[in-house]
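The following pair of complexes shares a single chain, subunit A, combined with subunit B in the former and subunit C in the latter.
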Partner chain A sequence: MADWVWSNVVVALLLMGTGGVVFYARRSRMWTETFSDLWRRRRFAVLVIGFYVLVALLDSVAWVGGMDQGEDTVARYEAQSILDRLFAGSQERSYSAPFADVEFYGGAPLTHPGAHILGTDLIGRDVLYLSLKGARVALLIGGLTSLLAIPLALLFGISAGYFGGRIDDVVFFVMSTLASMPGLLLLIALIMVLGKSTVAVCFALAITGWVGFCRVVRGETFKLRELEYVSAARALGVSEFGIIVRHILPNLMHLVIITFVLMFSGLVLSEAILSWLGIGVDGSWGQMIDQARNELSRDPIVWWNIVSAGLALFGLILAVNFVGDALRDTLDPRTLRETE
Partner chain B sequence: MKSLAKRFSKRALFLFVLLVLACTNNPYPDADSDKKILYRSYVEAPRTLDPAVAYTTNAHAITGEVYDTLLEYHYLKRPYELIPALAAALPEVMTLNDGWTSYRFEMRKGLLYQNDPCFELDGPGHLTREVVMEDVAFELMRLADPEVNSPIVEPMSNIQGFQDFSARLMARREADPAFSEQPLPLQYAEVGPIEGAKVEGRYTLTLRVSTEYPQILYWFAMPFTAPVPWEAVEYYDGDEGRPSFSDHPVGAGPYVLSEYDKQSRFVLEANPNWYGVLHPEWKAPAATYPSEGAPGDFEAGRLDPEMVGQPLPFIERIEFSREKESIPLFNKFLQGYYDAAGVIKESFDKVIHEGGLSDSMEESGISLEKSVQPSIFYIGFNMDDATVGSEGGERSRKLRQAMSLVVDTDEYTRLFSNGRGVSAQSPLPPGLFGYDPEYVNPYRLIDLERARELLAEAGYPDGIDPETGRPLELTFDTQDTSAQGRLRFEFFTRAWRQLGINVKIEATNYNQFQEKVRNGAYQLFMWGWIADYPDPENFLFLLSSEMSRSVSDGPNTANFQNPEYDELYLEMKGLPNGPRRQEVIGEMLGILEEERPWIELTHSEAYSLFHKWLKNVKTMGMSTPMTKYRDLDHGLRAQKREAWNRPVLWPIYVGSALVVALVIPGIFTFMRERQ
Partner chain C sequence: MTALLEVKGLTARFPGPGEGLPIVDGVDFHIDSGEVLALVGESGCGKSMTALSLMRLLPKPGRIASGRVRLGDEEVLSMSVNAMRRVRGHRMAMIFQEPMTSLNPVVRVGKQVMEAIRLHEDVSRSAARLRSLELFSEVGIPDPEARLDAYPHQLSGGLKQRVMIAMALSTRPELLIADEPTTALDVTIQAQIVRLLRDLQRDRGMSILLITHDLGVVNELSDRVAVMYAGRIVETGSRQDIFKRPRHPYTRGLLRSNPALAVPGERLPEIQGVVPSPVEWPQGCRFSTRCSEVFEPCRIDVPQTTNLGEGHRCDCHGVTSSTNSGDGA
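Up next, the complex of A and B:
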C-alpha cells in the first residue's frame, strides 16, 4: 500500500481516537466541566488551536492525481494534500513582497501578480503556503514527542513511586544522569546518531524531555500509594497492576493533560532551535526562520519570511500556553486551593 | 555653596564642549595622513607565516609581500604569464632523455635580505646578507622535511630525489637522536642534498623534474619556494623571548613585517634592502611598473604613461587592522578609513546595481573591480553508478546530457550569489590558457524540449523509469545540512522535476558524506575546485583516471575514466602553451562535453571596491599579493576623509541642552534639600 494511503489511515484513526476520547470525556462530569470552563475562559485560544489543527488536517489528507501540476511532472505521481492543491502552481522565480506585482529584486513581472498575501521566498515559494504547511510539522513534533515522552515518564515515574526501593534507585539514577547532561548537546548528539528524520527528531526530543514529568509523577505516586483507598484495595487483594491501572493512573490524568499541553509548546520551540542549528525537520517554521536568517540584514530588507514563520510559531505557542494555564488552573488541586 | 555649584557646572560645560570639539572618528594618527599608507583589514590572524607551510589567503597577504620568489606573475597580462623576479631570467629548460627535464635558474647578484637581528649568527654587527641559491635549496629541503609538514609535498615530489631526501632524513633522525638536536642546516648537509636540486656556485640552481610536470614552475612564483635564510629558522626558535619563525618572517621581498600583533594589528614597511629600491637602474621586470597589459588596462588607467617604467614599490607602509564583523568594516571603508573592501552580501543590492556600481557609490568616487577566480563549481555524476554512470553506456550518457540541459546557471548565480560568477561552459575558467570565450557548450544551454527528447531516447520517456513505471529516482548527496543549503539544492531538483526525474536530496554530515564517497554510494554531488596555479592541467587533471576517487582516492570524485581523455591529458600536461596544446585541450573538452561527467556551474567572481585615490588596481584571482604595483593619492584621501566625516554636532547640542535643562535644576534641588 502506498505511503499516502497509510498516512490517510493514520489521520482517520487519529480522528476516530479523538472522537472516542471526546465521547468518553463527555460522560465524565469532571472533564465536561473542565472543558466548558476552558471554553468559557479561553475561547479565542481554543479557536486558534482549532485553526492550526484544521490546517494540519488539510495538509495531512492527500491523494495522487486529479490536478494539473504544470511543469512539475513528478508531482503527478506524488500524493498532494488538500493544502498543496489549494496552492498548486503558485510558484514564482524568486523573492516578491506581499501583494507585489513584480519581483523584489530586478522587478520582473510575477506569474501571479498580487496573489501572494505573504510574498514569496528566495526560490519563489509562496510564504503563506509554507507558513501553513509548518502547522502540520509543529503539531506532529509536539504531538508525537509527547506521545512518546509521557508514557515513558508515566512508566518510570509510577514504577519508581509505587514500588520504591531498588526500582526507585535505578529510575532516579537514570533521571539524575540525564538531567545532569546539557539538554541541547544531548539532543544534538542523539540526532547525529539517529539521523535527521521527523521520527528521529521526535525520538530524540522524547528521550531528553521525559525526565521532568517523570519526577512529578514519581512524587505524586509516592503520595497516592499511601492514601486510604489504595491501602484498602491492597487489603482486598487487588493486584499491584490493578491498583496502578485503576487507582493510581486515573488520579494522575490531570497532570498528564497539563504536562502534555505545556510540554507541547516547549517541544515546538525546541524544534525551532534545532532547525536554527541546522538539524531540525524539513518544512518546519524553524527551518523557515533559519533559511531567512540573513534576509533581515539585506538591503533592502526582506522581512516577510521571518515575520510569517515567527508569527505562525508565536500564535500556536501563545494559544497553547493560554490553554495550558487555564487547564492547570482548573485541574491542578494546588492552584484550586489557591484560587479557593 | 551656590557659587561652588555654579563654578562646577561652568567647568563641566567647558570640558564637555572641549571634548565634543576634539572628537574625531579617525582611527589613525593625524601625522600619518600625508604618508602613502595602505589600510587593509583582516578577520583572523594567519596560523603560521612559515612560507613552507602557509597556504591561506590571509597568510599569503603577508608572506607574499615579505618573501620574494624566483618568478612571479605579470601584474597585468592575462592569461597569466610568468616573469623573472629574483631570478635574472626565466629558467633555461632542457628535456633530458631519461624522462626528466632540467630547469636552470640564475639568480640576480647583489640581492639582500631585509635587516634582521638573526644575521648576527653570521658574525657580530651583521644585519643582513646576500641572497644566494643555497637559500632556495635550503627551502626545498625544508619542504621535503616531514617535520615541517608542508602541504605541497605531493607536487614537489616531481623533483628527482625529493622523496628520497625525505626518507634519508627521517631514517637518520630515527637512528640517531643526537642528530635531531643539531641545527637544521647541519642536518640537511649531513644527509646530503636533494638529488634533483643542484646548486652550482652562489647563483645557479638546476632542477631535474619529471618531464610530465612542467607546471612545477608555477610553484616558484609562490612563497613556498622563496629563498629563506637558515639564520632566521635557527634564530627564531621561540626561546628566550624570541618569537618563533612561524610568527617572524625574514625575506628578501618588497616589504618587511615590522609589527605583528595577531589580536589587533600588522604593519608591513617598505624594505630598504629590496633590489627594486637599491637598484632601480636594473629596471628588473618585477621591480618596475609594467608597460604592457591586457585589453582594458589602458582604459582603466592601469597603463598611465606617468606610471609606466617607474620603480616599485609606490606604497611605503601597509597597515592591517582586525575587523571581526563585516558591517563595521564596510562602514569604515565608506568613511575612507580602509582603501579597499569586498562587497558584503548584506549591502549588495545597495552597492551593486545591474552588475555595476549603484549611483550613490559612483558619486562617492568608489570603483568596482570584478575578477573571475581560477575556480570551478560543478555538479558531478558518479560514473561508477549503474544508473547515471559509464556502465549504463548510451542510456546513461543521454540521461546526463538531458539533466545538464535544464540547469540554469545564470538563474542560480542570480539567486544564490547575487549574480557573482561566470556561467561555466567547461572546467577551464577565464584567464587560463585553453579558455575560449567563444565556446558554448551545447549541453549547457537551457533547452527543455531537447532534454525531453534525449530522456526519451535514453529510455525514460517523460522521466518514467520503465522498471518501476514511476518517475526515475536519483539521489543528490551533499554534506551541507543547512536550511540555506537545502534551498540551493531544491533549485536543482526543481529543474530536474520538469523532466520527470525525482532527485532526492540526501543531506548528511561531513563524515557520513565522506563514508558514502568512500563506498561509492552516491549518484550526484556538488563540488568545487580552486586552482593552485593558472594552468589548464590544474583543472583537467580532476577528470583523469589516475585521480579517480575509486582508484587512488584522488580528487576525481566523479570517477570519470576515459582512456582517450587520459591519453590526451598526458600529452597536454607536457606541452608548452601553443597551438598544439590548444588543440589537445579542445579535444579533451569535446570528450567532456559529450560524456557529461559534470554539469559545470560557475567560475566564481570576486567583487572588490576601491576608493578613487587607490591606483593601478588589478586583482589577481589567486592569493598572490601585488601591493608593490599599487599607488595611492594620500592628499585626496585626506580631503575625502575630512569631507565624509565632518561631525554632525547639532544632535549633541540639542542633547546637551536637554541634559543641562534636566540635570542642573536637579543638582540645585538636591543641594538645596541637603542644606
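Up next, the complex of A and C:
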C-alpha cells in the first residue's frame, strides 16, 4: 500500500485512540484533575503543542488528485496532504525575503508578491510552508522513538532490577556494551545499515537512546522491590507479574513522563545534528537549518530560513518541556500539592 | 482442639560458615484456632524471620533448611509456588511493622484494599468496594467513604495501620501474622490498635501470631507466649505461666526489665551483655554467656526441652536438673 494510505490509517487510529483515552480518562478523577491543573498552569504551552499537533495532522491526511496541477505531470499522481493543498502553487522561481515584493538575486519576477510571510528558500519554496511541514517530522521522530525506546528501557530495566541475578547480568552487559560505543558513530552506523527512512532513523535513535533510561529504571526498581509495600503485596499473595504491574510500574510513571518529555525534546534536537551530518530525515527542521547554513554567508544575509526553522524547533521544545515539568509536579505524589 | 498451625523443627539458614547460619534454629510451636500466640524476644533473635519463613517469604539469600509447617491439613513448605500464593493473604495474612511504607504511595487506599479482595475472590468492583467500606468501618476508620479515596500520604500512621489491618482481614484469613504491629506508632495509637486487634480476634475467632518485644502488648492480647532467644524458642507457656511462673532465666530477665514493673527511684534491672550475633553464638545454651545462673553443662550441651505441664515448656539445664531432682525426691 502507498505511504499516504498508511499515513491516513495512522491518523485515524491516533484520533480514535485519543478519543478512547479521553473517554476513559474523563471517568478517572486523577486524570481530569491532572489535566485541569495542567490547563490552569500551562495553558499557553498546551495550546502551542496543540497547534503543532494540528499542523502535523493537517500534513498527515493526504490523498491523490483533485488539484489543478497545470503542466506538472508528476505531481498529478502524488498524494498531497491538506497542508500541501493549502500552499499549492506558492512555488517561486527565486529567493525572496519575508513579505518581499520584488525578487532577490535576479531570478524571475515573483508570482505571489508579498505572499511569502517568511520568504522563500534557495529553490523558491515558501519557508512558512517548509516550517509547518517540519512539525510532522519532528513529532514523528520524538513520538515514535520514545514509543520504541521507553517500553524497551522499562522491559529490560524492570526485569533486571526486579529479578536480579542472571537477568541483571545480561541486561547490564548489553547496556554497558551499548554505552561504551560512541553514540554518534553507532547512530551513523545503524542508519547506514537500516537505510535513511524516517522509521529507520527513529529505530536507530531508539537503540542508542534507551540505555540511559534503562539504567535509571533498573536502579529505581532495585529500590522499590525492597520497599515494605512490595513485601506486603507478596504477603497478600500477589504474583510477581502483579507486583510489577501494580506496584513497580505505577511508581515509575513519573520517571516515564519526565523521560518521555526530555527524550522527546532531546530527540528532536539530535535529529537536527544528524541532519547536519547529512543523515537526517527529509523535511525536518534540522535539514532546513543545515541547508540554510551556507546561506548565512550571502550578502545581504539570508537569515529567514534558519530563523524560521530554529524558532519552530525552539517553540516546540520549550512548550513540551513546560508541559512535562507541570505534569511531573501534578503526577508525582511525592511532590503533590494540596489541590482540593 | 486441633492446632491450626503446627511448626516443627523449622530451621532457616543464611549463607555463612559451614551449612550457613541458622538464624531460625529448630523452632517448634503450634497455634490453635482462635488463639493468640505471642512470639517475644529481643531485636535480632529471629522473630520476624520465623514469621517470614511461615509465609515462605524469607528474604534472599536466606532459605528454609528443614522443618515442617502444617496449616490446617496442608504442608506449607512443600506446596507449589502457585498454591502458596493462594495461601498467602487468603488463609494466612500478615501485617507489618511500618505502616508508613507498607502502602503503595501512588494508589488510593480503597483501591489497594479492593485489589486485595479481588485477588482471592471473584467479586465485582462494586461489591469489592462495598466490602472495603465495611472493612474500613470495622477497623474503626472514621468517615470510611471519604477515606477510600485517600492516598496513603493523606492518612496518619494509625489510620494507615488500620488500613493495613483491613487489607489483611479482607479475605477472612484463619491466621493473622502481626509483625510488631504497634512498634512504629505512638503510645495512644498503640493502645487503640491493640484493642482493635483484640476485638477483631474475638469477633472473627481467628488466630493471631503476634510478634513483638512489647510485653505490655503481649499481656493484653495473647493467650500463650513463646519466648525466643538467638534463633531458638527457650520457653513456651500460657500467658499466666510466662508472666507469673517464668522458669527460664532469660524470660525472668525480660520480665524484670519491664519498665511497667519498675520500682521508682531504683535502677531498672537489665540482662547483662548484648545479644550475641549469629557468628558468635556460644556452644551449648545460647544464653549461657549472659545467664546469671549458668553452670557447667550450659556451656557444653544444648539444653533439652523440659515439660512443666499444661503446655509449659522450657529449654534450660537449670530447670531440667531441678525438675529431675524434684522427681527423684
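The rule is short, and it goes like this: the second predicted complex is superposed on the first by the 315 of 340 C-alpha atoms of A that agree within 3 Å, B and C clash if a C-alpha of one lies under 4 Å from a C-alpha of the other, contacts with A are read in each partner's own complex, and residues count from 1 in each chain.
Just so we're on the same page, a residue touches a chain if its C-beta (ideal position, glycine included) is under 8 Å from a C-beta of that chain, and two chains touch if they have at least 3 such contacts.
Values in this document were obtained by computation on a predicted structure and should not be read as measured data.
In the superposed model, more residues of subunit A are touched by B than by the other of subunit B and subunit C.
Residue contacts after overlaying the shared chain place A:237 against subunit C, while subunit B stays out of touching range.
By the document's definition of touching, neither partner reaches A:19: not subunit B, not subunit C.
Contact with subunit C, but none with subunit B, is seen for A:229 once the two complexes are overlaid on the shared chain. By the touch criterion defined above, A:247 reaches subunit C but does not reach subunit B. Looking at the complex, you find that subunit A touches subunit C at residues 29, 227-229, 231-239, 242, 246-247, 250-251, 253, 333-334, 336. Of all residues in subunit C, those touching subunit A in their complex are 55, 57, 85-90, 93-94, 96, 98, 101-107, 115-116, 119-120, 149, 151, 153, 164, 167-168.
Across the complex, subunit A is touched by residues 327, 345-350, 411, 414-416, 462-463, 470-471, 481-484, 486-487, 490-491, 494, 497-502, 507, 509 of subunit B. Every residue of subunit A that touches subunit B in the complex is listed here, in rising order: 71-75, 77, 93-94, 105-106, 121-123, 192, 196, 275, 278-280, 282, 287-288, 290-291, 293-294, 297-300.
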